[in-house]
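Chains here go by letter, A, B, C, D and E, matching the order in which they are written, and residues are numbered from 1 within each.
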Amino acid sequence: QDKLSVAVAANFINAFKEMAADFEEKTGVKVEATFSSTGNLYSQIKNGAPYDVFLSADTERPDILQKEGWTEGSFIYARGKVILWSADKNFCQAPSWQEALQNVKIKKIALANPVTAPYGTSSKEALIKTGLWDGLRDKTVIAQTIAQSFQYASTSAVDAGFVALSASVSPEGQKGCFYAVPQAPDVVQAACVAKNARNKVGADLFACYLLSGPALKIKQKYGYH
Amino acid sequence: MDYLALYVTLKLAVVTTVVLMVIAAPVAYFMTYARFPGKSFLEALLYLPMALPPTVIGFYLIMLMGPKGWIGRVWETLTGGSLLFTFLGIVVASVVYSIPFAVQPMKAAFVKIDRRLLEAACVLGLSKTSTFFRVILPNSLAGIAASAVLVFLHSIGAFGVLLMVGGSIPGETKVASIAIYEAVEMMDYRTAGVIALCFIPISYVFLLAINKLNSGGRA
Amino acid sequence: MKIVATLARQLNFFDVDVALSCAPGKMLVMIGPSGGGKTTIIRMLAGLDTPNAGRIAFGDDLWFDSEKRVNLKPQARRLGYVFQDYNLFPHLNLFDNAAFAARDKADVQSLMALFKIDHLKKRKPHQVSGGERQRCAMCQALARHPRLLLLDEPFSALDVVTRRGLREELKSLKGKLACPVIYVTHDINEALFLADEILPVVEGKIDRGWMQRTISREPGEGAPTKGAREPRLALVY
Amino acid sequence: MDYLALYVTLKLAVVTTVVLMVIAAPVAYFMTYARFPGKSFLEALLYLPMALPPTVIGFYLIMLMGPKGWIGRVWETLTGGSLLFTFLGIVVASVVYSIPFAVQPMKAAFVKIDRRLLEAACVLGLSKTSTFFRVILPNSLAGIAASAVLVFLHSIGAFGVLLMVGGSIPGETKVASIAIYEAVEMMDYRTAGVIALCFIPISYVFLLAINKLNSGGRA
Amino acid sequence: MKIVATLARQLNFFDVDVALSCAPGKMLVMIGPSGGGKTTIIRMLAGLDTPNAGRIAFGDDLWFDSEKRVNLKPQARRLGYVFQDYNLFPHLNLFDNAAFAARDKADVQSLMALFKIDHLKKRKPHQVSGGERQRCAMCQALARHPRLLLLDEPFSALDVVTRRGLREELKSLKGKLACPVIYVTHDINEALFLADEILPVVEGKIDRGWMQRTISREPGEGAPTKGAREPRLALVY
């Protein structure tokens, strides 16, 4: 059985590891993954990295890859949600996340870089929609990735952070409390299969698996839908 | 182009270099001449910041410098403010991150000082400290220059650590390497290339200055 | 103050074992074959090497005592020491070298004039001749007003005329310095001219007969009989 | 724990150190003694890998080593395979990444060699090359040790570059720092800490070995 | 082959300007006041310093010619050169130092025996005395069978007995080596004993009267009249 090489956006790492194990058990195809930022993985692919499947953190890059002829088409494999998480359980006393943020005791809040990270873009949108963006300018700290935003929050470096729902289900994430942020649009993550994949059969099989029932269960477990 | 980020980068690199030269010289002196059990172990610890991926160092620094870490707490009692996400914070991070690069070449230079010069200093009544300043330092300029070059450039390139500890606040902690990172992530390779190219003249000027200082000391 | 020392130290091929003393204003000259242990003795007096056994007393001060486990650091002995290889500090010019541990910069000026190197003040050691370096080392040692002066062949790189001049100066300085001076030389004339006492050191021991044997060219150890071929010059210098 | 990643890391660090010592020594020699216009400029270029954030270096390396870059194309014509995503590829990346750390301390050591020794070698008929091997190298052991320590530890910590060029293939290009990165991304801070701790004994043993070699050369 | 040289070089306080020649198997001895330019002349002959003007011919080979812009590298001149500060390689033991550029290791063995340092073979230079280092430098220079031997005060750190022995050896070697030997010394006895020709160098020029003035102690420059106080020792060594 030929192994399958998958490039995975780092925010999906937890869910992916479990899915890969499940997939291996079911099909016998060995999955080898590279986790990195979407931008990094895209550069690698452009320069000839032999990945069979690419799980991006956005929809933009699979689209470009399609235009460039690397893939025949992309599909959405996960939708992430933004939450506002804090290591301090008292933080969640307020009735809504907006009020919790406006508490005078809150000195710093983290969000992922709105320019480069999809979760950051989404968080910023929620803040703008609720009219909080300008008022909180001086309190915001920019993390480069959504994982780093959670690191800030979990180490109490910031009082609260906009993180992915998936973070809240990790053991570390259960130590704190969070608000859902319905104003933040879903973060849509698309995947694509390489046209010239070395293991085309396995790659297509994995693409199907990604959308199957067992996979959905795992995704939900890690806060995706 | 992000001139502010370039300015922060330069300021950080200069401050780090100056601070580290002052800190590293006595440390290297001590590590060269002191004999005590567990010395290699201490040395290994000293070099650890280098062997660890920057993100890990960054993570531990956040823990230490955050409101729950002891450095953070001490700092808060002293100044009332937070160390994280400030320029001072990234200076601390960058100093920790570059310690090995400062210490190691200095140590190599100190080791090579002719023993006879030290004996002469000894006979002429110089204390350990005076010997350090009057004999060892001026005869180790090449090694100190090597340290300065490594530290300066390394703090320009420092990235993972600063990314963590700084929080990328424009004009305060957003350094050029973060700007490059953003450009690469946005697939704007031209901007990334342009900012990267800015470092050639900067490194060039710095090397020239160091070489001048270094040969000035010898001529 | 007077220096009194008994020193023993094991070397690879022989042991050093000597007793010596020198009063202030006096000069003790050590002479003897190359590798005989003269530099080793000086280094022990300076505190750079530690004797295996012995005692060094300077006046009422105890500098070293192997039994009482006293060992004063070289820094505290306040010495003037001209090393055999006259090591100056390469990063300093001759003036700064001479003034390195000086009590008074004005002294340095006049010492450099006395030793005829005042025109070389701004030169680095590698830019002057061997003899000039040696004279600078002498200035450095004298400028700190030492309590004990140790001179390990300080004039070996000097020509006969300069040397003759300087040893005159040294002889007259000796009284003014009022400190004991221990001097190593290979020049028997110099030894006879300068010494209040001559200490011939052969294989680490004091060998009073060595001078005599050497001068009268007894075909002793190391004195080759071929020497007889040498013209008998009676130079009156 | 990911023993395979630790093994790859160590293998990479050892290979990088050996390769760089061999490459850097002549480069440092040349940079120390050669005089030509534009020398500082060349030197600045040489130190650039340090001033750039690892991801940027990684990016340029991929471009060069990929099927479209000229190194990649030359390699493909020669061997028929790809350099990217192989162990050899990360060795190349790690060598480029650490060049400045190898060259700078060696250069500092070479500068401090007593000119009189070089004159003696010259008079004794030694060519430039023999002088280098018989006089300069044996009298620069401290500087070479400093280089080796910096390079070894730096390649253990190398991360951004390797992730980019290597692609984290278990047993081949997945090094420990990538394992740490993944653990951190999974918010599994304990595992990250445990792997990080492994570097203390590794650095320790390496430092001991270098110190032994170094003092062996001098005794 | 014979060496013939005319050399001119500007120094800070005076200019060196000399002409000299020395035939194979002969010895030219340079003597003169400290800082007079002897080492500078030797360095120019070795190719370590470049004359401002002049010409050095070794037999039919042209080593240096300022007009023809010829300047042979020191490596190509095949010299034996004992530096004034006898710099040995600190990382090598005495044997390896002496054998550094030797034609034949067997030679080294016998040279070290001749110079009485064969028991120190395994020592590093800093572990032996000044005179022992100097003798090792001498072995190093001789072991490569030089075409021209340059000796800058090679015996300055040696005692009178050892020195006397070695200069006997040198004198007999001179014939066997069959190369020109240029020798710098401060010892007038030595100069008279060894030299086929004596070249007094004073402030960079040849000053034939210097020897005479020095010996007869004419109160010339630098010869202090105080010298008269010195006892007239007529040592027959």
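Points to keep in mind about this one:
The rule is short, and it goes like this: contacts are C-beta pairs under 8 Å (C-beta built on N, C-alpha and C of every residue); 3 or more make two chains touch, one makes a residue touch a chain.
Keep in mind the model is a prediction, meaning the values are calculated, not measured.
Each step here moves to a touching chain, and the least such steps from subunit B to subunit C number 1. Among the other chains, E has the CA centre that is most remote from the centre of subunit B. Taking the mean of the C-alpha atoms as each chain's centre, subunit A and subunit C sit 80 Å apart.
Centre-to-centre spacing of subunit B and subunit D amounts to 19 Å, using the average Cα coordinate of each chain. Centre-to-centre separation of subunit C and subunit D, using mean CA positions: 51 Å.
Chain centres here are Cα means. That of subunit D falls 47 Å from that of subunit E. The set of subunit E residues touching two or more other chains comprises 85.
Under the contact definition stated at the top, the residues of subunit A that touch 2 or more other chains are 40, 43, 151. The set of subunit B residues that touch two or more partner chains comprises 59, 181, 184. Taken as a contact graph, the chains fit none of the simple arrangements: neither line, ring, star nor complete graph. Across the assembly, chains come into contact as A-B, A-D, B-C, B-D, C-E, D-E.
Residues 59, 62-63, 65-68, 82, 84-85, 163-164, 167-169, 174, 178, 181-182, 184-187 of subunit B are the ones that touch subunit A when the two sit in their complex.
Remark: subunit D residues 114, 116-117, 119-120, 122-127, 134-135, 138-139, 217-218 touch subunit E in the complex.
Put simply, subunit C touches subunit B in their complex at residues 46-48, 73-79, 81, 83, 85, 87, 89-92, 100-101, 140, 144. Only residues 40-41, 43-45, 47-48, 50-56, 59, 100-101, 104-105, 107-109, 111-112, 142-143, 145-146, 149-150, 153-154, 156-157, 159-160, 177, 180-181, 184, 189, 192, 196, 199-200, 202-204, 207-208, 211 of subunit B touch subunit D when the two sit together in their complex. Subunit A meets subunit D in the complex at residues 5, 7, 10-11, 13-14, 17, 32-36, 40, 43-44, 47-51, 145, 147, 150-151, 154, 167, 170-173.
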